[in-house]
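Each chain gets a letter, A, B, C and D, in the order it is written, and its residues are counted from 1.
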Amino acid sequence: MSNLIQGKKISIDPITRLEGHGKIEIFLDDAGDVDKAYLQLPDLRGFEKFAEGRPAEEMPQITSRICGVCPGAHHMASTKALDALFNVEPTITARLIREVYYNLHVFEDHILHFYFLGGPDFVVGPNAPKQERNILGVIDKVGVEVGKQVIEIRQRARKLIDQIAGRAIHPVLGLPGGVSKQMTTEIRESLREFSKDAVNFAQFTLKIFDDIVWKNATYRDLLLGDVYRCETYYMGMIDSNGHPDFYDGNIRVVDQKGKEFITFEPKDYASIIAEHVEPWTYVKFPYLRKIGWKGFVDGPNSGMYRVAPTARMNVSETMSTPLAQEQRMVYEKAMGGKIVHSVLANHWARLVEVLNNAERIQQLIEHEAFLAPEIRNMNLGTPTEGVGIVEAPRGTLIHHYTADANGIITSANMIVASLANVAAMSMNIQSAAKAFIHKGNVDDGLLNLVEMAFRTYDPCMSCATHNLPGKMPLQVNLHQTGNATRSILRSSDGTIAETKINKEPNHD
Amino acid sequence: MTEKTTLFLCRCGTNVADFVDLEALEAWAKTNAGVDHVYTHDFLCAPAGKEFIETTLKEQGSKRAVMAACSPKLHLKTFEDCATRVGLNPAQMSMANIREQCAWVTPDKTQATLKARSLIQAALNRSVLQVDLPSQHVECKTDMVVIGGGIAGIEAALQAAEAGRKVTIFEKEISLGGEMIKVEDLAPMSECAPCLLAPRLSAIRENPNITVVSGATVTDVLGFFGQFTVIARKKARFVTDACIGCEACFEPCPVDMQSEFHLGMGTHKAIYTLFPGSVPSAAAIDQEHCLHFQGNECQACIENCPFSAIDFAQKEEIVEVQCGAVIVAIGAEVYTPKDLPRMGLNGKSNVFTYAEFERLTCSNGPTQAKLQMRNGTVPQSIAVLHCAGSLCSDGLSYCSGVCCVNAIMAGEIIRKQIPEAVVYNIHDRIVFPGAEAEHFLQHQIQAGTRMIACKNLEQVKIAEQANGKINVTIPGQEPLCVDMVVLSTGFHLGDKAKQFASILNVELDPHGFFKSDHPILNSTGSVLDGIALAGSCLQPSHAVQSVTMAQAAVGRALSRLVPGRTIELETMISNINPDICAGCKMCISSCPYKAIRFDQEKKSSTINEAICRGCGTCAATCPSNAITARHFTNEQLLAEVKGVLHG
Amino acid sequence: MPKVKAAIYWCSSCGGCDESIVDLGERILAVRELVDFVFWPCAMDPKLSDVEALADGEIVVSLINGAIRTSEQEEMSKLLRRKSQLVVAFGSCACTGGIPALANLKSKASIFDRSYLHSPTNVNPDGVVPMEHSKTAEGYPMELPAFYDTVYQLDDVIDVDYYLPGCSPNGDMVFAALSAILSGKLPPKGSVLLPDVALCQSCDRNATKPETLTITEFKRLIHVQADPTQCFLNQGILCMGPATRSGCGYPCIQGNMPCTGCMGPVGSKDQGARMLSALGGVMEGESEEQIAKALDGIPDPAGTFYRYSMSSSFLGSKRKEVKP
Amino acid sequence: MANFEPSIVAFVCNWCSYGGADSAGGQKLAYPANVRLVRVMCSGRIDPEHVVAAFREGADGVMVMGCHPGNCHYRNGNHKTLRRFRLFERMLFQFGIDKDRFMLEWVSAGEGQKFQEVTMAMTERVRNLGPLVISGSVAQEISHA
């Protein structure tokens, strides 16, 4: 690689194996080392605006189209926002059905990430050739038998979701004050069988993580190392006795030391969280209003906070179910204490949650009201304003609506899980780039290690810009002032090739 | 080479030529791709014009023609006939209305010519897409259906049967007779209605051409003149035709119930007939009151019936009858002003309506014709109030025209039983036309009826006193204190009858009666060809008027429904493509004529081409565009829109 | 038999369509035997450069999902069109605009205003909004794709061979479509790879719909609890089934919620006009007041009748002069 | 837009409103040439898709006319028209098309004068609104990207 001269730019466009469209721009200083790196999300759909004028009861099915990978999260947050908007308490049966559905959804979505999207970086290895770093590579690594099991457990989960919520991609069960469909004994029977196997499968996956990732020195160093570490605030939902809960509870924020910064109720989110706008990306950057936006820096006086599995662990003490709590202690002991800053730890925390989901389903379906016919509380108040918050697989998800007396949406505001992590991702990408790019030398390891910085968050760019459509594979463009940009291409067989792109990006 | 269209431009003398530059249009047409020949003519509709059209079409061998002339409502038929004469299907002739809708309404000649051009272009665009519409004929049915079994219905049935036609009478009660059977002293000659009706009722019973369907509610009248289908729901009677009405079962029956026939002033058993000699003669069991239907084991009627005619298992049936014409004779209802406080009518005081008075003075009535007050005693003084609830702001706004003669008759009926009774008639204007009328009125006055004129009947107040006497205050006159008051009330169409009008799609006039097609020329016809109207459903009528109207209605139907004569079916009908139709059934309820049925096996809907009138509402309703409205398809209409906008 | 080169790409979408392919379960393994995904950003790492490196027409079939909202999506679609023999508009967004096309009821300015300027949580004193060409705080030049005024469907920007509507298409539909393409037994160009009949034909509740279906008032689901056995329209609850293509197996109705029309129209391009016209045919109400009261039960006709097909109707597909 | 000449398509039913137009002709009651009629048998046949097609083909205003409720030649075709197009009007507004660009009117065969009045009123209304500009066609938008 020739020695690159002053004012270089590296574009990684697009980033792959995530949900949504992303691009990374890396700018080199004179010496060819990394000066700045930015994660750019180049699209917008405008859900918040075209929600206006829609009947409130249609929002759960409209907003689930913000993300096809976690439609259940938006559907549930939206449904809870409608409960608040119409000032109606869901019946106990409705709440049970919603929680069973939602735990099923998080369970299969977490598995999708570990085995299909982010996990391959680990399971197959960060510098394995690109065409192996996907589900098929994972199957080769863990064996076809396990691969079949993975596909089968996910299919069973999605079959059950079809029966409870009509369909897995874009469910239909949520209504203000309840759900649309009553449960049957057959569904409960298959849920019993399923949750038993799910608990085993979760423990089995944790064992895989232990064998393949934790027991492998290089991965452990990455896990514990500083490259993927940044010390931000953490936010997550906790139930009344402090356990992390996906469906309901208050939101707690802890600082870098793990000390509680604030716990707030969903309706007060806007006084706690603010969003910062940059001209070069369609995504907005949420931060803690009281501390303020200080740019892409971590530390106690930067309002940046993170969500997602590690965050949920950091804000809570213990898990709500026994087996998961055991695994949490193993995780905390290994990661050195309660507060964990390593980004890659998300993979592990995510698997602890998978176990928690499976156990929660077992508990919920045994409740005697689960099969009752009272699935809706019909006395709705006149709608005014309502906030609904759930923990999406990728973190705290907020829906906030106002409506007129006729129940027509007059305004909508949504803060999406991955949104909070985008700023942190940019930091991680920048630190990874700085760690691996010297003197303008570019190698394949860089590309993947940089991508790992964002993949671990299991980011959902569609959610991030709720907003955001798909994306393109990774391609690095080296911008050299004064003449043609050199494009370093990582093609499908992993070879690196260089071509000239005559399109001269303007520098005005 | 796409088949082109021959264009004819009509000067219509000066009507078009003066306002539209036909020469320019002819020049334009010659350059128009869609036109193979264009001709201009003075009067296309005149014999010479028609001759010219036919020879031109023959010589050119044209497949279709556009006539840029006057309104299709005027001469489309004329030009269609020309087409038929040269072997072209009438659907191949289309018109551009460049006279009424262009020349006559667009003073500026250039604008008129431009508009004419666009209308012609629209017609050209459309004509290329028009397909032949095969004409279909079907033999007209000559049988008849009569709805309503009163005097008018009875007369109509007998007259039609007389001409050898099969007749079905649908009657909602359990027997024919209607309002008239309840009257014993038909004004003005006090003829006895049951006596008049008895021979006609038995004539109907004996006549093989006439079928009586009693306890029937007509739910649908489908089709059109010459091709009607009448569907009715026949209530279960629980007594078979073996019953001859011998009344052996009446006495043993343990249940008494209020009699509607006697307006609640008498009772009958749960098994009953309306009156002796009813047609059909069989009795009927009232399901609400009969103990058997409340789980009780009572078998009283079965044990006492010599003909074992009781059948508790009878079910409601659907009766469907095909016919060529329908005679509607459902009569009108007595107007009972019970919600007018000034009438003092509460069913307890000695204030009666004339209908109740008739019941009390009729031998088939509850008191075997003995006029008596609530407590059974004989009244000595009676006041008869004319226009009770009529011609007043809170009642009927019109004069029914038949109640005055009854009110005057009341005196005669009373005096026949109670010679010494004092009868007052409180009246405003007396409506009692005819040579005989004045004589009859003077006769009653001499016989003792005291006429009390009052210019403001709406102010008359009737109030029961503590002692049961009735106080009648009359503006400008001395108040009366009498034993009994009879309210001479008018007639109106009840809600059920109005609902029936919507089933028939017969319009109602502002006063709520059925509206004739034309008050003078076709008073017994309705807007719907083939559906005739007779009797009080048109306007309150004396028996004589009802009979005459019935005869007129049947006469008209017979003159047009000649056996062997055919009817042309509508050609511009819609049809459903079964491959696209998903069976969503939305077209069915949108059809005004109920011409669409759902086919259970094929799981798709089909249109009955004999009933469809071609309105096209179903084509606009079909959510998957599976229905094509012949001659007004979406493609044709779109082609016209393009023509008028870009022409 | 050499593997068929295929590509899957997502424009303005939510990822649900890609998820529906991942959802094929074991069948994904069978498909993998026949198909070599040369480009599937959601699940595989092959790159844009790989696509550009391919010869024109080397990709046998591209499944493109998502609507066209920005210039980049249009350019990517045109690139894939050039490189592919067959292009399938995959999912409702690509076929008829989908949920993103609801934005056609609003103006671009109002969308930017709500997203970046006036919202309860935006802190944006200098009124910064994303721009096609901008600079970072540190002065580095950055580019963003242009954000169109109107959301278009795929065949507005490129020639489309086949359509597979659905939001998102279920596994069976996807597998059937892929098998048809791989087997080469394909219907004429431009057709939809699904039956040309409305949902009512397959829906088991249709039998409960009487022939005399008449609706006196439309009931919203916030006011009524739906009977799980009865046809929704017969309960006065608006169901888009009659004007929506069959083939999805009506999962929403089995979840006891009415169909919202994601499979797009059948027999016409204008789903909204078809449903509106059909409802007009079966509604009760003679007087203006009765009709107004009945119509109040449909507070959002545009959003309901064109929930997924705004781009395929003339009214909803192009910017209008009046900015609501 | 004083000198703008709008094109207006009027869908009319054969029995009543088309007759109304003829009787306006018979009485020589002139009305703007902008209004061009398309005849159907019953106003119940007029489909919102036809109205949308008219707008698409360049109409600046569209009228739908039928018999007065209660007098429909086909019993109640016009009731369906009333329901359809009251709902259609509510939707037009959401699409940002001015309500005045659509008019639903009942004209009987004898009401030549009323036919003149409504067509003149409609032409005036649409003239004031100016042409229906549907900006932002694909070609136009792409070029500036």
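Rule of thumb we're sticking to: a contact is a pair of C-beta atoms (placed from the backbone, for glycine too) under 8 Å apart; a residue touches a chain by one contact, two chains touch by 3 or more.
Since the model is a prediction, treat every value here as computed from it, not as a measurement.
Peer 1: State which chains count as neighbours of chain B and simultaneously of chain C.
Peer 2: D
Peer 1: List the centre-to-centre spacing of chain A and chain D in whole Å, with centres computed as mean CA coordinates.
Peer 2: For chain A versus chain D, the centre distance works out to 53 Å.
Peer 1: Please compute the C-alpha centroid of chain A, do the same for chain B, then give the distance between them in whole Å.
Peer 2: Averaging C-alpha atoms per chain gives centres 71 Å apart.
Peer 1: If you average the CA atoms of chain C and of chain D, how many Å lie between those two points?
Peer 2: 32
Peer 1: Measure off the straight-line distance from the CA centroid of chain B to the CA centroid of chain D, and report it in whole Å.
Peer 2: Here the centre of chain D sits 35 Å away from the centre of chain B.
Peer 1: Would you please write down the residue numbers of chain A that are in contact with two or more other chains?
Peer 2: Where chain A meets two or more other chains at a single residue, that happens at 53.
Peer 1: Which chain B residues sit where two or more other chains touch them?
Peer 2: Residues 590, 617, 620-621 of chain B touch two or more partner chains.
Peer 1: Listing for chain C: what residues touch at least two other chains?
Peer 2: 105, 268, 274, 277, 280-281, 300, 303, 324
Peer 1: Throw together a list of every chain pair that touches.
Peer 2: A-C, B-C, B-D, C-D
Peer 1: Give every residue of chain C touching chain A within the complex, in rising order.
Peer 2: Against chain A, chain C makes touches at 9-20, 22-23, 25-26, 28, 32, 38-39, 41-50, 53, 65-66, 69-70, 72-73, 76, 98-100, 102-103, 105-106, 110-111, 113-116, 119-124, 128-131, 133-138, 140-145, 147, 167-168, 170, 220-222, 225-226, 228, 251-252, 254-257, 260, 299-300, 303-304, 307, 324.
Peer 1: Under the stated contact criterion, what part of chain D meets chain B in this complex?
Peer 2: The touching residues are 7, 9, 14, 18-19, 21-22, 24-26, 28-31, 33, 36-42, 44-47, 49-50, 53-54, 57-59, 70-77, 80, 84, 116.
Peer 1: Considering only the defined contacts, which chain A positions touch chain C in the complex?
Peer 2: 9, 13-14, 16-20, 25, 27, 35-36, 38, 40, 42-46, 48-50, 52-58, 61-62, 65-69, 71, 86, 112, 116-117, 130-131, 133-136, 148, 151-152, 154-155, 158, 162, 165-173, 175-176, 180-182, 269-270, 273-282, 284, 286, 289, 293, 295, 376, 378, 380, 400, 406-408, 411, 413, 415, 460, 462, 467, 469-475, 487, 489-492, 499, 505-508
Peer 1: Could you list, by residue number, the parts of chain B that touch chain D in their complex?
Peer 2: For this pair, the touching residues of chain B are 71-74, 97, 99-102, 104-108, 111-112, 114-115, 118-119, 122, 505, 507, 572, 590, 592-593, 613-617, 619-621, 629, 632, 634, 637-638, 640-642, 644-646.
Peer 1: Which residues of chain C touch chain B once you look at their complex with the stated criterion?
Peer 2: Going through chain C, the ones touching chain B are 196-201, 206, 209-214, 241-243, 246, 265-268, 274-275, 277-278, 280-282.
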